[in-house]
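Residue numbering begins at 1 within each chain, and the chains themselves are lettered A, B, C, D, E and F in the order written.
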Amino acid sequence: MSSSKRSTVIVEQLRKQQMLEALSRGKRLDGRDFESYRNFEIEVGIIDKASGSAKVKLGNTEVIAGVKVETGEPFEGLENKGALIMSAEVLPTASAHVEPGPPDEDAIELSRVVDRGVRESEMLDLDKLVLIPGKIVYTVFVDCSIINTDGNLLDATSYAVVAALLTSKFPIYEIKDEQVVDTGKTMPPPITTMPISITAVRIGESVLLDPTTEEEACMDARITMTTQSDGNIVAVQKGFTGPFSVNQIVQFSEIARIKGEEMRSKIKELN
Amino acid sequence: MSSSKRSTVIVEQLRKQQMLEALSRGKRLDGRDFESYRNFEIEVGIIDKASGSAKVKLGNTEVIAGVKVETGEPFEGLENKGALIMSAEVLPTASAHVEPGPPDEDAIELSRVVDRGVRESEMLDLDKLVLIPGKIVYTVFVDCSIINTDGNLLDATSYAVVAALLTSKFPIYEIKDEQVVDTGKTMPPPITTMPISITAVRIGESVLLDPTTEEEACMDARITMTTQSDGNIVAVQKGFTGPFSVNQIVQFSEIARIKGEEMRSKIKELN
Amino acid sequence: MSSSKRSTVIVEQLRKQQMLEALSRGKRLDGRDFESYRNFEIEVGIIDKASGSAKVKLGNTEVIAGVKVETGEPFEGLENKGALIMSAEVLPTASAHVEPGPPDEDAIELSRVVDRGVRESEMLDLDKLVLIPGKIVYTVFVDCSIINTDGNLLDATSYAVVAALLTSKFPIYEIKDEQVVDTGKTMPPPITTMPISITAVRIGESVLLDPTTEEEACMDARITMTTQSDGNIVAVQKGFTGPFSVNQIVQFSEIARIKGEEMRSKIKELN
Amino acid sequence: MKELALMDENGKRSDGRGIDELRSIKITVGVVKNADGSAYIEFGKNKIIVAVYGPREVHPKHMALPDRCVLRCRYHMSPFSTDTRKNPAPSRREVEISKVMRESLEPSLILSDYPRAVIDVFVEVLQADGGSRCAGINAASVALADAGINMRDLVSACAAGRLSENIVLDINDLEDKEGDADMPVAYLPNLEQVTLLQLDGKITTAQFSECLEKAISGCKLVYEIQKEALMKKYFGNEMELKEEA
Amino acid sequence: MKELALMDENGKRSDGRGIDELRSIKITVGVVKNADGSAYIEFGKNKIIVAVYGPREVHPKHMALPDRCVLRCRYHMSPFSTDTRKNPAPSRREVEISKVMRESLEPSLILSDYPRAVIDVFVEVLQADGGSRCAGINAASVALADAGINMRDLVSACAAGRLSENIVLDINDLEDKEGDADMPVAYLPNLEQVTLLQLDGKITTAQFSECLEKAISGCKLVYEIQKEALMKKYFGNEMELKEEA
Amino acid sequence: MKELALMDENGKRSDGRGIDELRSIKITVGVVKNADGSAYIEFGKNKIIVAVYGPREVHPKHMALPDRCVLRCRYHMSPFSTDTRKNPAPSRREVEISKVMRESLEPSLILSDYPRAVIDVFVEVLQADGGSRCAGINAASVALADAGINMRDLVSACAAGRLSENIVLDINDLEDKEGDADMPVAYLPNLEQVTLLQLDGKITTAQFSECLEKAISGCKLVYEIQKEALMKKYFGNEMELKEEA
């Protein structure tokens, strides 16, 4: 059951007023302008035991994504496609407010929205990950561990997943006598496009990209939009309890496309 | 672990006294005599996606049963029979006192007693629901959602299950090359009899059929008896923390048979 | 998540002082000297439905172990070995401080340390419990129910497991037409050695074998060492929050070997 | 090939509707006797029942908020609601929908009027078709009104989507699975605010705006049906009198 | 064919018993050292241990009842108790039996004597045969007496059932599985009240009464064994003295 | 055959190390921004991050201890940390390691300095090699120091083990699986006390002492690396100045 929450960080009235005042002057508390992302680092291949991995730092937010490739049965209704399974855990290391345990609704929403971007863009060509149609397919696990939180988990996780997949080496499996054999060789994954999410929050009338924890604590509403390499939109998620006007959404969709293209180039470069 | 409960509805002393007084004059608070059931409606076929379904209203108690038919492995020890699986959930819609979550002991008892009536009467001839003996059989799920509670969930659920099964159309599966194939055709289920449960509560020395929530809040003990079409008894369950005398039980067994026959005719008519 | 505990039994300061005083005079509260075990009884074959069983009483500590033998798939990475699965439950009967529910960290540690002694000593020759290499093997469940606790659950459970395995009769399974068939005959299990654990606690500078609940409530640290028939050590586990000196550990290792041999003879006799 | 199935040469969709046509919608208010407010909706083949309990005391008490009411929402599918039997344990999908549903309803409610209390919204999908979250929001908002909760506006929800080159209103199950994009939207018609927005599928920026506008036009149609259902319950007799007059 | 297996031409049952014969029953009182009361029962092949803790403080405190004692009961099967290994997690069957067992014991106890407290009854089935719930109730009632809980009467339990045309006493495992009906009953012998009654199988109304009477006659036999077990613990020496005298 | 793989004729191990050689170890302090203390360790192929939160208030409050601080510890493996994907739910192995890890850290801390508070130690294994519990303890102790918790000593941990006739230091993954015994040890170097000791495998009493001594010698080597890492964080500039001078 979903329930209204106390703010995860108690925002002192003073601090919130300060923020609104700064925003009214077009400035954020950390000095960025509304459409700037924080510093951004990606390191790939950090987990040798994974088929692919990436660590993303977005300001102080830090996420690791790892890709594991196994074989298994296809999903019901998707018998001729490889299986893609994503999860995200906000580790209790990540902030003083995380309890260890199974993922809560925020972590579930997080992994489902990231999943949607990858799945709907068909970033991975799952048709190419079938060994025996209807029976044995590649199973691709993408698991994310959030190590430190400072806002905008969604984009940080999304970039880590994309970078980990892009730089993966998938094991090549073969079927011999109806048995799966790991050939010991690897191949690049069948990548078709690069989905990039862009997230903004609305605080009063201001719409800010890449919010920090402090900004999320003051937010009225959140929106995430994922575009693929050709600029088409593949996933949108409005979050939190406040509304957006149609105008705000349409304007944001343009920003998300442009900014997405910018981030896409950066991630390509970093790899 | 089973634990004594607070009464689910706090009965004011006054109201309970009022009830005992009325009962001493042979009358119930809603005007019924002791052996009368409340108004009773059944609607069948309400869920197109189910193989069978029924909604029962018994006074203000409202239950939906849905039948789903799939194929699967038989149960251990019952290799040559179809598998019948029942569940019941008291939805949180049903009253201010229900918490969402996995079924508690009351819901488990409910579904197990309803199940016992269907299973012991052999209402469904499970011998006829085998595809490959010992390997693949029909799996019949009967799931019940209780939407509103006003007492006597057991009978309402039991009638919903019987009506849903009676009016089901089972898919016809065939085995081709050791694989299950859905032929797209349907058949009536192999029905042999109609189990009907009758429930009473004892309040002081009075034994009342078809109790309301208010009456259950005052009850000392509960008893349910299920008979099949030929009048034989197939399941009995005493419930709650008070005892019955042998005499009360034997008298009730006669009432359950007669009243069961009456309800059986009503349900047949309604279909 | 593992958490510091309140003492399970609240030790009155007086009682603890009394214990330290007695220990300083080389005596325990129940009169034993430091290296003595309590009275010790084993009864085997008490559960007819199990392939093997044993009840151990060690003072007032009472444990039942039961062995069940089935067939199943081997563990990943151990394709050519039978599967051995151990569990232990401290029943809520066992003391006023046990809550019913899934095993807590103490019960998990208990069963894992007992398991380690059996597994590392290769007491059961799992290579001999294979039916179709890589596909079907014997699965040996050893489940322990702790009925009453008075300290040193670890040794009591360990002895119960050893006695139950030693006196088991395993069903003989055969493969016919790729199907498992129970021949109805039995065989003795493939036993190679007898692992025996010895447990001590340190209270102040005293190291006592076979502690009671009262002594465990005063302990600074605990250590368990398991030796096999040839005197070699196969498992060690330091427990609780206090440290040991290297000297204490080395001295204890000698005691565990000698005492282990003594207990081994006793268990052999009893069978 | 795919497009042929979803839209014929006359612009008719697989279920016979035109591009801008809603499925048939029927809302009944006050269907769960014990609840403080309730509604039943049939939206295409969706059959959904919503019960509202509250405002009432929060248990456990430390969940209460000093300055406003807690809103809780459960979206749940009955095991018989789907083509293949659904396991009754809550899926990750149900957890996410419960969350976005709660968030889409919250802006419509004046929660500061009920400090330290809780309002529970239980959404039970008896039969699921495409768009069950929108249908559920529509029924939930009516049920909240039926419970007499102070509101700024009703929440009306409807999806639009893309079938090949066409942006169409109110995606059904088949169109959701076989179509190119699905965008559920919830809207406060008087306040002109969007409280739910999701998308999966592929769509250009231009189509995105068109799709959003279309979904909102659908919300406005739904709004009328919601109001009518409430009128019927509360002024049913008067309405009949007027019709007679 | 089936009847032949369960009853021979001389009216002997598969385990050699006559129609009205109980399996062998052995009850020992005070077997769990730490418990406030305890009992061990062998009832046919059933081997069951029961420990009672309480009356004691309730945790969490809000579970307490102001006017009487809470009774809690857990029926649990050890993994090695059954033919095939039992998963240790509680099954739906164990949940139901815990409930009917608690309800069958509650009328025998004067719970108003211990307001705000709790009594816990833990029933562990070490080996299961037909009739484990009856055997468990018998041991539990003795363990409650051993714990010194104020009681109106002991609860005695026994099943009867139908094997073809015969109503027989105390159904065993094979008879439960292959027989035609099984009816476990718990009874307060002095108060003449039935506190547990279940049935599964097929039976006429006439056979139902006969079966109930037979089960109660079994309860009365069990009652004597329960009393004897308690006497042996509490007056063991005196009894021996008398025998010697 | 087995020995050949684990140790060659020149006394070199499968990864090229000698008998008394540690794998390469790298510790970085203060890597998790939000934590009160943190450390990252690479120990062979182990990659482990530890965050410490506290001393802070306990929730729920009844968990608090009146005379000292509660220490909590979670050892957890990321799903991608192992050769085959690890299910994220905590395994029995993780539960045991969380426990022995907590117990190995507790003697180093002056918990009586923080009555009624809690300290949480979260150990996340990003990549697992043999000896992850030792590596985790080393990082955890440094993270506790980084959090400014009052300590008697650092805890240093290292395993030794037996490969055929040789007792070797710091068992790696392959040696753990194929070797003959593995003994993880944690040690307070200044207080000369053992706070973790486990063993699995086969070993004589004589080898046991040798193995224990060898593990402790490893702990002492690790201790220097731990201190250096802390120095680098807290006196990094001074150290560089000295080097320059």
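We take it that a residue touches a chain if its C-beta (ideal position, glycine included) is under 8 Å from a C-beta of that chain, and two chains touch if they have at least 3 such contacts.
Since the structure is predicted, the reported quantities are computational estimates derived from the model, not experimental observations.
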Set of chains whose contacts include both subunit F and subunit A: none
For subunit E, the least number of touch steps when starting out from subunit A: 3
Geometric centre distance via CA averages, subunit D-subunit A, whole Å: 27
Subunit B and subunit D, separation of their C-alpha mean positions in angstrom: 32
Geometric centre distance via CA averages, subunit B-subunit A, whole Å: 47
Where subunit F touches two or more other chains, by residue: 74, 84, 120
Touching two or more other chains - residues of subunit B: 1, 100
Neighbour-by-neighbour ring order, given that subunit B leads and subunit E comes next: B, E, C, F, A, D
Touch list for subunit B against partner subunit E, complex: 1-4, 6, 76, 105-106, 108-109, 111-112, 116, 119-121, 223, 228, 231-246, 249-250, 253-254, 257
Residues of subunit D touching subunit A in the complex: 63, 65, 68-74, 84, 92-93, 95-96, 98-103, 106-107, 111, 120, 183, 188, 191-205, 208-209, 212-213, 216
Subunit D partner contacts - residues on subunit B that touch it in the complex: 46-50, 53, 60, 62, 64, 66-68, 70, 87, 89, 91-96, 100, 102, 141, 143, 145, 147-150
Contact footprint of subunit A on subunit F as seen in their complex: 32-35, 38, 45, 47, 49-51, 53, 56, 74, 76, 78-85, 88-89, 120, 122, 124, 126-128
